[in-house]
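Two complexes, one shared chain (chain A), two partners (chain B, chain C).
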Partner chain A sequence: MNFDYFLTFLVFSPLLGVLVLSFIPNTKESVIKTVGFLATLPALLLSLVAFFQYRAGVSLEELSENVRWVQFADPDTLGNLFSINYELGVDGLSLIMIVLTAILSTLAAVASMYIKKEWKGYFMLFLLLEVGMLGVFAAENLILFFIFFEITLIPTFFLIGKWGYFEKEKAAFSFLIYNGLGSAVLLIVIMVLFARTGTSNINALASILAADSQNLVFSSGTKMGLLIAMLIAFGVKLPIFPLHSWMVRVHVQAPPSVVMLHAGILLKIGAYGIIRFGMGIFPEQFQDIAVLIAVLGVVNLLYGAFLALIQKDFKMVLAYSSISHMGIVLIGLGAMNEAGIQGAIFQVVSHGLIAALLFFLVGVFYERLETSNIKNLGGLAKGMPITAGFLLAGAMASLGMPGMSGFVSEFMAFLGLFKELPILAAVGALGIILTAVYLLRAVLGITYGKAHREFAGVTDIRNKEWVPALVLLGIIVLIGVYPSVLSDPLTSTIETIIFKIGG
Partner chain B sequence: MENAWIIPLFPLLSFLFLIFFGKRLKGASAYIGILLSLASFVYSLLVLFERFSSPTHKAEAVWLTIGDIQLTAGFEVNQLNALMLVIVSLVSFLVHTYSKGYMHGDDRFHVYYAYLGLFTFAMLGLVLSPNLLQTYIFWELVGLGSFLLIGFYFYKEEAKKAAKKAFIMTRIGDVGLLIGMILLFWQVGSFEYDEIFAAVAAGSISTTMITLTAILIFVGAVGKSGQFPLHTWLPDAMEGPTPVSALIHAATMVAAGVYLVAALFPLFTASETALMTVATIGAITAIFAASIGLVQTDIKRVLAYSTVSQLGYMMLALGSAGYVAGVFHLMTHAFFKALLFLAAGSVIHAVHTQDIEKMGGLWKKLRVTGPLFLIGTLAISGVPLFSGFFSKDEILIAAWAHGNTVLFWLAVIAAFFTAFYMFRLFFMVFSGESRSDMSHVKESPGVMTIPMVILGILAVVAGYVNTPWFGTYLGDWLTEGNAALGHGHIEGPSWIMIVATVVSLLGIFLAWLIYCKRSLSRDWLGAKTMYNILYNKYYIDEFYELTVVKVMKFFSLFLHYIETFLVEGLVKGVSAAVSGLGRLGSKFHDGQVQRYGTVAFVGLAILIVVFAVTGGYLK
Partner chain C sequence: MDLETLLSYKWSIMTPEFIILGVATLLTLLDLFMPKSVNRKVLGWIGLTGILAAIASLISLLGHGPESILYDTFRLDSFAKAFKLLLLIGAAFVMLLAISYEPKEGITEYRGEFYYLFLAALLGAMMMSSSGDLITLFVGLELLSISSYILAGIRKKNLQSNEASMKYVINGGISTAITLFGMSYVYGITGTTNLLDMARSLLALTDIQHIYLMGLALFMILVGLSFKLATAPFHMWAPDVYQGAPTPVTAFLSVVSKTAGFIIIVRIMMVVFFNTPSSYIPNSMPLLIKVQDYIAFLAAATMIIGNVIALRQKNIKRLFAYSSIAQAGYLLVVLASMSVFMFDTLWFYLGAYLFMNLGAFAIIQLITQKTGSEDISQFAGLYRRAPILAIAMAIFILSLAGIPGTAGFIGKLNIFMGALAVEPAHYVLVSIMIATTVVSYFYYFGVMVQMFFRPAAEQEKIKLPIGLGIVIGVCAFATILFGVAPSIAFDFLHENFNSFSDFFQ
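Showing the complex of A and B:
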């Protein structure tokens, strides 16, 4: 099999859709929606091919691409110093993130059927967003990463600001300000690293810093400073308390299909960045602040859970639930052992799927009932039994019911933390109870009890709507029952990280 | 036995099939559920018989790899597991059959059978688990099954509340179990029961750690088995359909806590403190729940409190190192309590009320249910020759032999209470004249009575597998080849049996005087205060509402204010800073060339200064 430019084509394949869309008049709704959906398929197909090839034993090195791009030092005297190459490549972790992105993009494209206006612009931005997300995970150097990272910001801004709900502009602006500041901090970190080492390649940087045990390249204080700046930059994205409030707004105001991607993938870029760059480039310093990370994780977990407990709007519950669940990622990373890191990565994938499922379901019933207020929705199971069933299944996955992906990740993260910091872990374990309390309160409040309204004429989930619901629940159960499907591809990535931190 | 893993798959198949295709099948769903649960039962019986003659079988495969750690999944057929398989699959099969009559005509008939299948799958998976992690996985899944079935009538507010409460209360316990299990893992390096026991026996775990983990795991059992103080969900769980109460909240799931302690028995016996905790909680629960049972007026709630109380007995037995006694009572209780619930369901099916104040005189109308209910009542009261008599006797002997004198007497008093309130229930339902219009009352159909007859027979004869008179077959078999489980039979003074008999007969006699002959006043409690306290279940729900729930809500609100003022303030600060900076910048862009020149000059000056100070390099 020939893998030349495989990743490039994978990453930029949604642009084909943008190209086709530009020739279609803005009024042809169904054509636009079909094209938008079809345009996500090449990436899905290619990423699955890569995934199954990898599982069959093909080395991921074959996928790497490296083309000279920009240089501003004399290559004759200084070699490759100060050159920025166009480098794409994947390992187990980024491959999984790419597969996740491709799956969620396709499903979110299906969920975009609820978009009511200006479909053409919507799908162009949507596909551009997908390019950005795929590129973020495929980029092998920091500058390329940063470019793709920025590419995700702009479409998201417009998607929220134009197609969202009542306070969409406000949400879009706070999204942009926060993420813009995060990006600025990240850019500074990248520039310092680049200026001092002359390379922005992630692996090269990691080995330069690994060889720098004498602190010749950077003083130890600088290293710590860079790591903390990076944590802040990605902490905005994840989000880490108290940098989270923009994300609550986006969850509530953006259209469900965009939130599927936002909660499913965009937040995960924060986690991915912390793992790849924080842990990957500064393993020693990361170890020094591991306890802090774990504490932040527990704070996120409990803070999100407590606030989710008193929300009146189901979307708010899910927003705070996302904060709470990202706490588990931090808990796993803070543990700094195999179980913890594997748990954190599992949680990234698992929460991506679960959040996408739950927000898709919000879209399903919001479309019909025009409310997501828990009080107004009681007794949904009477009128929409199947939707209610999916909702309950999603809640169970989210609260860590065994047999579903949430349990495996939560279990491993706590397994890891209990080894290192048992008392903190025990405090965090309270979050497991709280999660059950707030999710049941919300979901039972919506689906069970007396019906507050007439459901006459309200149809249950149907036709295309089955696809995202079934696919997402299917993958969630698959990972829960047979977690090796995810852990096998991750083995070498986690071994590398553990080797670096000397575990 | 090599294929025992197939047993849980029958009900799983039933669940999947009915969830996807049940709607089209409607009434025929029942046959699928019944047939598949029958298949489980037949297979379980075969496994049990095979286990009599061959050793424990265990098979495992890697489930998840974490670094060097390999977590496995598999199944194990030892004596306890084989016995549990038969109990669970039998009661499940009978309840599947009975439900065909009881649930007849329900719109969501197929959903009901699907949930029953899910629950049975999880419960059978639980009793086959060879390691703690797998036990925990199925432990949660049985909780899910229970939750779904309690909330089956989802449109009822009470059912919704009860389902939520059951889930949350048991989850509190489950977190204890999870923590205990993980701590144990890092001590032993494995979740396997065998390796845990080996490490305990080798003394490689400190006593403090053993005590801590054992007690944490016991917290899980407390939640699941409705032990004090996490018992409050179990009586509320009666909101579910009555056959479900028989299967889940009497015979199987609630016994899972007892099963867990039994399965980890060598861990508990390694710590006297842990054993003492188990025994004390058990005895307190036994008498505490029995005292509440004295005054309840809902037929299912009386039975629910008796379940809590009987589970307390089992815990007392295990905590007194009476492995056989605990497991024995688990088995006999499964039969007579399932019988009682199914009989109660038959009564409710006939009279359409659960309030015993409105019943009475049903003996003449329900000619099958009545005698069967009486058998169950005699068995639970510990009347000689019925199954409960033998198992309760074993428990009392175990408590006495272990030196838990106080707990022993508590258990004796609880036995008196039990006999009294169970016969109070019986007399109020079946004797005297009916207290409301009962003209429409008819006996239940055969599909409901036949399962009850089978359980009725078992409630009488199940005790004879382990008696001091005819041989302790069960005990000898259970403990065979495993010294850590103690002896097959504990010798105790013979007066214990006499005391137990006298106490239970006394309770029945008193109940007869008050509720049947009515020669004593019904206000036997005298003081109204005491009655109120008991009737309101010691106000424990209210206490939780006032403390835990309020504190949690308060804390949530507190954080909510932090969110609104502090965090949102931060947001405002950031956006104000950004827009302020923008405005400041825009001031310089006012079109005056002089100003542009100044700014450019200042900028250049700063750069030169920096350049000069750093010596030409930006270090």
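Showing the complex of A and C:
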């Protein structure tokens, strides 16, 4: 993997697909779908190569790239200050996120078989979205991060607004405005950091602020303000209660393949941002508000779980379940110790996979039955036994059954929090029980509930549909039984964070 | 003055102006003597050639140090060169729009006038960017304004065009009078019209009464020029004029004329009022810094008013009028923050704005002229009818909204940086700018929704005239290029203009 511009090629490889697609006529459905799928493969391949080499002990630093991009100030007077470099690089955490993105993108490309119209535009936007997501995790400086972050915004807006269900445009605008505001707040934080220090490199900023114990560069109030602004920005994305309403709408209205990516990756950018920038740049201040984060986490967990309990639509159950599960990420981060942070990152990955699996299954039966109402789906096990089986497995993973990835992450996050704030953790643990209740209620209602319809002529999962279901479930179980596949690459990242917060 | 002194001046630094003047004269004569039956479009192409020649001659002058002739009334410093480049490029695009402009009625008999009035207005703007004297500055401003008044009403049988022209001439007249009144105070106190001489004598100002008068002068000049920039609270004329004027004229007003407004405001403000003390104590803060907060307030008000009222617009030209008011607000942030990057930022943003706004206007012209209606719903289904046009429009709109990957984003980034890098940092102003930018997503994406989500009323393909095709293609390319590789522009700036350090020489 020692060739130059490895990461650049990884991040931008989906653009090759866009290029090829632009020469294919609009009407050739199967060609377009194949090209769209193939275009996600180079990124998948390269990210896996990097992942296995890293596990084999190759240093990730040689992947870093750094090219001068734009210099705002006159170099004669201010030297290198106020210049933005094109800097890509990865560490254990971002590498895992990149692998996750690449896997889910490929699977979502398979799941895009349900798209009914204008495949060409769809896949172009889809691939652009993948570039944005990969770039977010590979960016080494804040402005570059922001650019990729915004690049994900526009394709998602169109993917929801054009290929979604009944209230798609409303959902798209709600997505755009909430996330637009979120990134506006983020941009303020980034620009304040950049304008006051002259650099936007994450590591440089972290060391400038670490050296600034006298509060000369920023007053301590400003630092806290910046951190809270950053939490709001990523809180919209994650989403943290009460900034979540857009996300429910998107999960219900967007096409399944887009929701797979949205729930699987886009929400996780919020968590990634909090870990990388919140904890990475402002470790001291983060420690001061750790309790608040944990409380927010518990609120998210319980709020999401309670609302998921009363939903009639399975998509709504899953949407609120996502909110609830993101609470566990916050709980882990709020614990501020090794187990907690590890649990949070595990939850990010694990929930990404589980949410993708469940939303894919929603796509599978929605395609055939045109409903996602729990009641109307009753007796699914009769008509589509294999799909129902996968659904049950996904739900088990989601509620944290041992042997699956959900268990590891929840266990570790709560382990962390019990060490620091036992009472809060005890309250939070209620959420886990609720999770089991709402998931079982929904899934059992679907699979074994009273049959409201004939399933005659309805085919079960078949052909290409096997691929996403099997792959996702396989990885979920793999992480569940062999967690070090994730924890090994994360060791050094977590150590760095722990060292910074002095834990 | 004898012939020898006349010839001893270094006239070569005025080459671009001479070219424009010559071509404008030539077009006037041709229009007069050509038979009625000949299509006047050829005059437009001649005008375009003239502008391109002027650009070429300006580029050949880039290497020259700061020089001035005619008793310092005409200066060729970095500032003049940099901004003249923007004016000329903008005018070239506007000329192409004008060549392709074919409304249902009312332009055929005045087509010749149309072209040379553009050149006359351009000449005025160019003189402004090069002037080192209040008199030439004012004459340039008037040349630009009067030509624009006529241009706005060039469709003489069209009611809206007439209304636009009338409103523009009245508002413009008032604003010019106020500006001139303000200038008269400055002249009265300093006894000179030369900007740099003024600056020198103002530095020594100690009489508190005089300082008050200078404050009054600043206020009046700022008010008068705010009309030109169409910034709040003097923006009322813009929507009506933009809507009624022929589309190429609207494009001209929103880009070239606005650039000229910023040029004159920077010339006067930075040279005159930056050197005026704000109190009689020696070495006190410059008057301009003292009023920074008021300018910041105007900027905030302009951004809020422009972006919020744009939300309710159904007419595409009115929408873009409010959008350009908002953009002027962003540019005022640059003036309000007065950082070391001020000139660079202003130049880059005006350049980016030129490409994105003119590109958008080219498409607006094409669509409105085809359907005869300016309602935003005319954009419905554009993606189906003309996918390339829709994608180009999307690029311009994304850039206006400041989405990464486009020149508009880099420009905004640069503005934020300047406003936050100064001491004390303008946190509130930047927050307002970012928040109003998000508000602007609503109406910008409203156009996108029409283009991409709504079905088309008619399926007929759209034919693209060559002039508009060039404008749209070049503007889209430049918008992306300066968004992806902005260093091209910034390196050009650093290499050729040396941080505009010769501005005060």
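Rule of thumb we're sticking to: the second predicted complex is superposed on the first by the 495 of 503 C-alpha atoms of A that agree within 3 Å, B and C clash if a C-alpha of one lies under 4 Å from a C-alpha of the other, contacts with A are read in each partner's own complex, and residues count from 1 in each chain.
Quick note on the criterion: a contact is a pair of C-beta atoms (placed from the backbone, for glycine too) under 8 Å apart; a residue touches a chain by one contact, two chains touch by 3 or more.
Because the structure is predicted, anything quoted here is derived from the model rather than measured.
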Scan A:166 for contacts with chain B and chain C and give back first, second, both or neither.
neither
Is A:381 touching the first partner chain B, the second partner chain C, both, or neither of them?
first
Looking only at contacts as defined up top, I'd like to know whether chain B or chain C touches more of chain A.
B
Which of the two partners, first being chain B and second being chain C, lies in contact with A:69: first, second, both, or neither?
second
First (chain B), second (chain C), both or neither touched by A:483
first
In the overlaid three-chain picture, which partner chain does A:23 touch, first (chain B) or second (chain C), both, or neither?
neither
Chain B versus chain C as contact partner of A:177, first or second or both or neither:
both
Which residues of chain A are in contact with chain B in one complex and with chain C in the other?
173, 177, 181, 195
Please output the residues of chain B touching chain A within their complex, sorted ascending.
62-69, 136-138, 140-141, 144, 151, 154-157, 159-160, 163-164, 167-168, 171-172, 174-175, 178-179, 182-183, 185-186, 552-553, 555-557, 559-560, 563, 566-568, 570-571, 574-575, 578, 618
Chain A residues within the chain C interface of the complex:
68-77, 82, 121, 143, 146-148, 150-151, 153-154, 157-158, 161-162, 169, 173, 176-177, 180-181, 184-185, 187-188, 191-192, 194-196
Residues of chain C touching chain A in their complex?
340-341, 344, 383, 398, 403-405, 409-410, 413-414, 416-421, 425, 427, 430-431, 434-435, 437-438, 441-442, 445, 449, 452-453, 485-487, 490-491, 494, 498-499
Give every residue of chain A touching chain B within the complex, in rising order.
173-174, 177-178, 181, 195, 241-242, 244-246, 303, 306-307, 309-310, 337-339, 342, 379, 381-382, 396, 401-403, 407-408, 411-412, 414-415, 418-419, 422, 425-426, 429-430, 432-433, 436-437, 440-441, 444, 447-451, 483-484, 487-488, 491, 494-495, 498
